[in-house]
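What follows are several structures.
One chain, subunit A, appears in both complexes that follow, with subunit B as partner in the first and subunit C in the second.
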Partner chain A sequence: MVDKKTDLDSPSRRGVLKAGAALAVASPMFYLKDSWAAADQVYRNAPKGATVTLGFNVPQSGAYADEGADELRAFKLAVKHLNGEGDGGMMKTMKPSMLKGNGILGKKVVFTTGDTQTKSDAARASAKRMIEKDGALMISGGSSSGVAIAVQGLCQEMGTIFMAGLTHSNDTTGKDKRRYGFRHFFNAKMSGSALGPVLKEEMGTERVAYHLTADYTWGWTQEESIKETTEGLGWQTKAAVKTPVGAGDFSQYITPILNSGADTLILNHYGKDMINSLTQAVQFGLRDKEVNGKTFEIIVPLYSRLMAQGAGENLKGILGTTAWNWALTDEGSQAFVKSFGAEYGNPPSQAAHTCYVQTLLYANACEMAGTFYPPEVIKQLEGFEFDGMGNGPTEYRAEDHQCFKDVLVVRGNQKPTSQFDLLEIVQQVPRSQVEYDASIFGGDLGPYKV
Partner chain B sequence: MDAILIQLLNGLDKGAAYSLIALGLTLAFGTLGVVNFAHGALFMLGAFCAVTFQKILTISKRVKDESITFFDAYKDQPYLEIWWGDTGAAIIDYAVPLSILFAIPVMLLIGVALERGLIKHFYKRSHAEQILVTFGLAILIQEVVRHFFGANPIPTPAPDVVSGSAAIGSFLGLSDNLVYPWWRLIYLFFSGVIIFAVFAFLKYTTFGMVVRAGMADRETVGLLGINVQKRFTIVFAIAALVAGLAGVMYAPILPPDYHMGMDFLVLSFVVVVVGGMGSLEGAVAAGFLLGVLQSFASMNEVKAIIPGIDQIIIYLVAVIILLVRPRGLMGREGVFEE
Partner chain C sequence: MKGLMQNNLAMMVLFSIVVLSAPIWANPIGANYPDLLQKFAIFGIFAIGYNLLFGLTGYLSFGHATFLGVGSYTAVWSFKLLSMNIIPAILLAIIVSGIFALIIGFLSLRRSGIYFSILTLAFAQMAYSLAYSVLTPITNGETGLQLTQQDPRYLDVLAGVVVEDGLPSTNLFGMLMKANGGYSGFYFAALILILSFYISLKIFRSPFGLKLKAIKSNQTRMKYTGFNTKPYLLTAFVISGMYAGLAGGLLASIDPLAGAERMQWTASGEVVLMTILGGSGTLVGPLLGAGVIKYFENIFSALNQAELIEVFSFMPEFLQNILVFICTPFVGEGWHLTLGAIFMLVVIFLPGGIIEGLQRVSGYIRRLVGFDKEQVNKESKEERA
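What follows is the complex of A and B.
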């Protein structure tokens, strides 16, 4: 009988040597693997002290300055809530959530701000300054798609996550989408899908539309999406005229409409431009006209309560879409309105809502990832499904970083019950009606590591 | 026909604004020989006279808004309304026309202060130096306004009674489509009155005669023992007043912001050059001409032939006129021709 001994039973000299050699080789490898992983996770502006810096880049001047001011208020409130101050707002309603009210990953949140001036070059310069000089780990803000796309591109180059604020162009998460850019706000395509059935019901299928369009990416894509919708309904498009952003006096663009034979004006304008063009359109008597046997109608595909405030009486009865409204009755919206109202004395705008939510979503993604390392945070945001932040169950689609949630079709309130009750919700269009195939707009997200 | 008429009206309306600003610019250049790049800022200051006056009239008491239950909200209630009810509200409604009374002394004062404090030191300096100093002044004025009023345009509405449109078509027995905003018609009429007043002042008063003589030959007028300098100070103040009044009345058309003067300045300089440097008639004629051309260039039928023509028409005309007739439409021979 042969008693076969294993190395383990009685280690031979050769066995010990072999095992030792193997260990000698394996141990450094083990250590190296860890150190390689750490080296792999070297990233710009990794927080070293007790704080983490976020950069809020908003228009403080220019045509979208009102939205910018409200965005900044929302950012400040989000930071307050993240640091455990105030009543917590939507942190109490967000599901699922790993936010604890002790900053992000235990680090107190501080912030730096920039003025985009509603200009792409100025926005890039201020974002660059916040990243390079102020150490911002994440950039958020916007209020113009031109600005958002420009800053998103910069953030991709610099490896800094960009949580877009108010940007409605299809391009932001379409042909110009970036791995480091995320949009919670809806887009022009979704506005068109939401608005279509309501337009058909209220205005019929035989209309002649005339577009005035802000001459930059947002205006172009909104015109394209709304044309696609209205022409799908059977409407004709008489003309689509591009207007410079910040034109102020739109009379030279409005007068040709009077005798064009169009019975519907679609204003692809936003902010002060929309206030000015709509006010002037009303001054020129467009809303009192009868054309083709129909009452002349004006449509503002994207509008907000802030614009309604500026346009006053002129906006009453006009249809459009909005991402969110303070009058929504869900738990999350009400918590946010209460918190924002107590802080600033007025309800938040849709721009404020999206900026607040974006900040919380970023913070939560860091908590979920257990690190600030951008590629890991990005992976947590991609495909993230959540609720309790207004507009019902929401998903950050992984393929294009576009959030999908319910869209509101609204009308300028004809009988407001308060100074803020300016938009009447006509319909909360379900998310399923505004979803589309991510591939239709093309684009490429790019790499996780830059 | 309707389309042509409405574009014509709109062109005249735009032209009225260009003419008023260009008129002041030409007055300053023709009399003082100063190229005043701060003139657009004076137009903006006029608009802010309307804003300031409106703010004064709407000084308010903050009262709790009981209709908001989510949080404590407040709304502003103007003291004028609290004290005088509907009468107070009517006064606030007429803030823009009333602000003309406020703007007249303010703009005259600003004009005198600028001329005495800065401009007079640059009479004998080169045009390049004048442009630099007045451009710097314009930026300074802009930033001061931005500091106090912020960067956003401030809505300054016209009185309710003239906020709608006039049915010109029905009135003239033409199509009902021909309507035009009341306030823009008022602006056009107001501009005509101001232009007429300036010309009448220069033509029918002794003061005006001296100014015109000074514009033609300053040295000879001085040799006749007339204090041209003192009169020129007044002329500068009048130029500032004309720009200011143009700004006041433009406030309901375009909500004023700190940058609005700069937007008009460039166009107005083109108007002055096209009209002929130093020619008051030329400035007015060129203002209306370019306004009307710009308006017609905005018609879709025109843009279908030459896309983008509405954006460049004014500059295109300026280039052609300067090539064909360097002194401008009504400029004096020898002035700025070399």
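What follows is the complex of A and C.
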């Protein structure tokens, strides 16, 4: 056993593993024995064979299905790269990285998937199935904050790490944060901080805003954060109207805006909802109006390229923020776009980016911890600083498990050069400008051991 | 066989054995994991309760999910305000949903037939909208009602329970529902299911049950004999609403979260499907229906093309490709399609549900081994009644 350990640590490990199947079986055994011996590290779904199972829980139906489909593509690509297939993508640009392209801790990565249906109940049921039946060691994905918070709470109870996918509500790492939940994506508070200066420059300090808000945790916190920003600039808030998720027809909410005296519409919508509400707002002639001597403007605080594709012409010139865009020119983004494009024929969305990165980060944390034992993996992720993943130097803040990185302020492209070139980057807002105190949202992470 | 089934004790023993041994027989079909077993038991209770209304009186309620949701919300509030013990939560869930059923039932039962169905549907839609957006402070809207560490839990505080790090878990006097990997929760739900089944059995075979059946067969004639049917209908409605509340309370006890989608019309429709699929008006039919639907929802929806290829891998490749091509639309996202097809087949060829299918099969086997044909026919008729 001792001899094998030196083998494992030596650079030739990969070759050795490939050469002999016997050793490939023996090396995970070694780690297992080690971790059992170390302490009472008994945990759910400890990998026993030569594979480790990850669970990907994404919306395959409902208002966020497009994002879900793209997330699943990214997960599959990440698994390929972790197993040493394909061109490796961001594994080559990630710094620091202990990933070797032989799975995680020498175990081949396999995965199981579930459909969240963008419903908390259904998402928890499919997460439970993946944990209890399929033996998933980590759950990732989700494209709605309501779902992310529900699944995160479940994962805390089950003692399974949850690497959140696309979730933008402040609550995910705010009042509902959990020890077992991690979010790489940015949040509404950061969107507000990033948008503030750009709005001031482009629209001035005397505007009257009207909010349409998706009626759940994400909409609520985004409305709150954007309001805080705009009112800080001196804008007034005329009204904030809540709309049900997946409403389809928003005309009854848009008509009252016409004569409300507001000159700016802020759409706290996402996915198909945003495509529908924006298209209808444009059809109602909002953007051609003049109110209070100013041109009527629409702001979409959270943007995604998939939505831009759906909204088409209507999105041109509209401001918003996004976590990541495929047009970024840094090494990591380029590598990711290249291998995603080669695999699927189109560039990845921000949802795909965050899910891909989350999978790699989890795998890397396991390698760093030398075990799959969740409390140890959590300790490695907390405060982890890395670079080369597309957003510049990034830190997983230990106090609330929120990643801090640069945020992009974007505008719907006036002259797209291709069907994917839909967002023009206005500003890459540095991380320092969007940071905030972890204690402002309250909440409690909970215990390491459950 | 017939004599055995008429004997309550024998039937209960058999039923209990089948329910409690679920982890064993569910294993080969890939359903042996706590979450699904719990769902089998809980939705079984829901369907049994629904059957007391629809199966016995023939009144088709399209709003029973309301009571399921009310039960869940009540239970979670009980965890938040009173205690993490599930006993007060479940009792409150039954009482509050009973009150809701009394109000909705009183108003809806002024009409019968399609009008009754539409009225219940309207009430359910109202309840759903209230939970989804209007009553957000009580229900937390789309996000769903969840526990927090700051919840007061007055009874627990009085009893001197100290909450350590993290969220407390639901328990039955100290026995955690999530203990033994969730199997504790299942066995608790299974015991409640057996109790519910016993009550339903007693109602089926009581004078009260007989009156309900009489209402189903000809209410007008019953009224002409000077019999006031309204109180009996209302009682049946409230009892079945309380069953739904019990199921909702159990759902929240095992997984302390309540969401508005539990009250959506699709959830109300689901229990109708369960009852009809299994065999409405029979004792065990609705349970079978609940099992089949939950199985499809959780297992079939998780199959994908790769797994299908594996299933058919023993065949020659071109045959395998054809079969995979045919089957793919019916698994994964397409599980609704499979369920719809099965539902159609059952309704067209087996109007009595799965139970009728089972009876036909057992009758066929008995004829094969030389049982008296007439006796078999008579028996199956009686059992269906």
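Criterion: the second predicted complex is superposed on the first by the 411 of 450 C-alpha atoms of A that agree within 3 Å, B and C clash if a C-alpha of one lies under 4 Å from a C-alpha of the other, contacts with A are read in each partner's own complex, and residues count from 1 in each chain.
Rule of thumb we're sticking to: contacts are C-beta pairs under 8 Å (C-beta built on N, C-alpha and C of every residue); 3 or more make two chains touch, one makes a residue touch a chain.
This is a predicted model, so every value here is computed, not measured.
Asks: Quick check for you: in the superposed arrangement, does A:61 touch first (subunit B), second (subunit C), both or neither?
Replies: Touch partners of A:61: subunit B and subunit C.
Asks: With the two complexes superposed on chain A, say which partner A:157 touches: subunit B (first), subunit C (second), both, or neither.
Replies: second
Asks: For A:277, using the defined touch cut-off, is the partner it touches subunit B, subunit C, both, or neither? Pick first, second, both or neither.
Replies: The answer is neither, since A:277 touches no partner chain.
Asks: Let me test your reading of the model: by the given contact rule, A:217 touches which partner, first (subunit B), second (subunit C), both or neither?
Replies: second
Asks: Should A:413 be classified as contacting the first partner (subunit B), the second (subunit C), both, or neither?
Replies: Neither partner.
Asks: Just checking: does A:237 make contact with subunit B only, subunit C only, both, or neither of them? Give me first, second, both or neither.
Replies: Neither: A:237 stays clear of subunit B and subunit C.
Asks: Once the two structures are fitted together, what part of subunit A is touched by subunit B and by subunit C alike?
Replies: 60-61, 244
Asks: Could you please specify the touching residues of subunit A with respect to subunit C in the complex?
Replies: Touching subunit C: residues 44, 60-61, 112-115, 119-122, 124-126, 128-129, 132-133, 145-146, 149-150, 153-154, 156-157, 175-176, 179, 215-217, 242, 244-245, 444, 446-447, 450 of subunit A.
Asks: In the complex of these two chains, what residues of subunit A are touching subunit B?
Replies: On the subunit A side, the touching residues are 60-62, 65-66, 239, 241, 244, 248-249, 251-253, 255-256, 258-260, 272, 275-276, 280, 283-285, 288-289, 310, 334, 337-338, 341-342, 345-347, 417-421.
Asks: Under the stated contact criterion, what part of subunit C meets subunit A in this complex?
Replies: Within the complex, subunit C contacts subunit A at residues 30, 33-36, 39, 132-133, 136, 141-144, 146, 148-149, 164-167, 169, 178, 181-182, 255, 257, 259, 261-262, 298, 301-302, 304, 332-333.
Asks: Tell me, which parts of subunit B touch subunit A in their complex?
Replies: Within the complex, subunit B contacts subunit A at residues 2-3, 6-7, 10, 13-14, 65, 67-68, 70-75, 151-153, 155, 163-165, 177-181, 183-184, 253-255, 260, 263, 294-295, 298-300, 303, 310-311.
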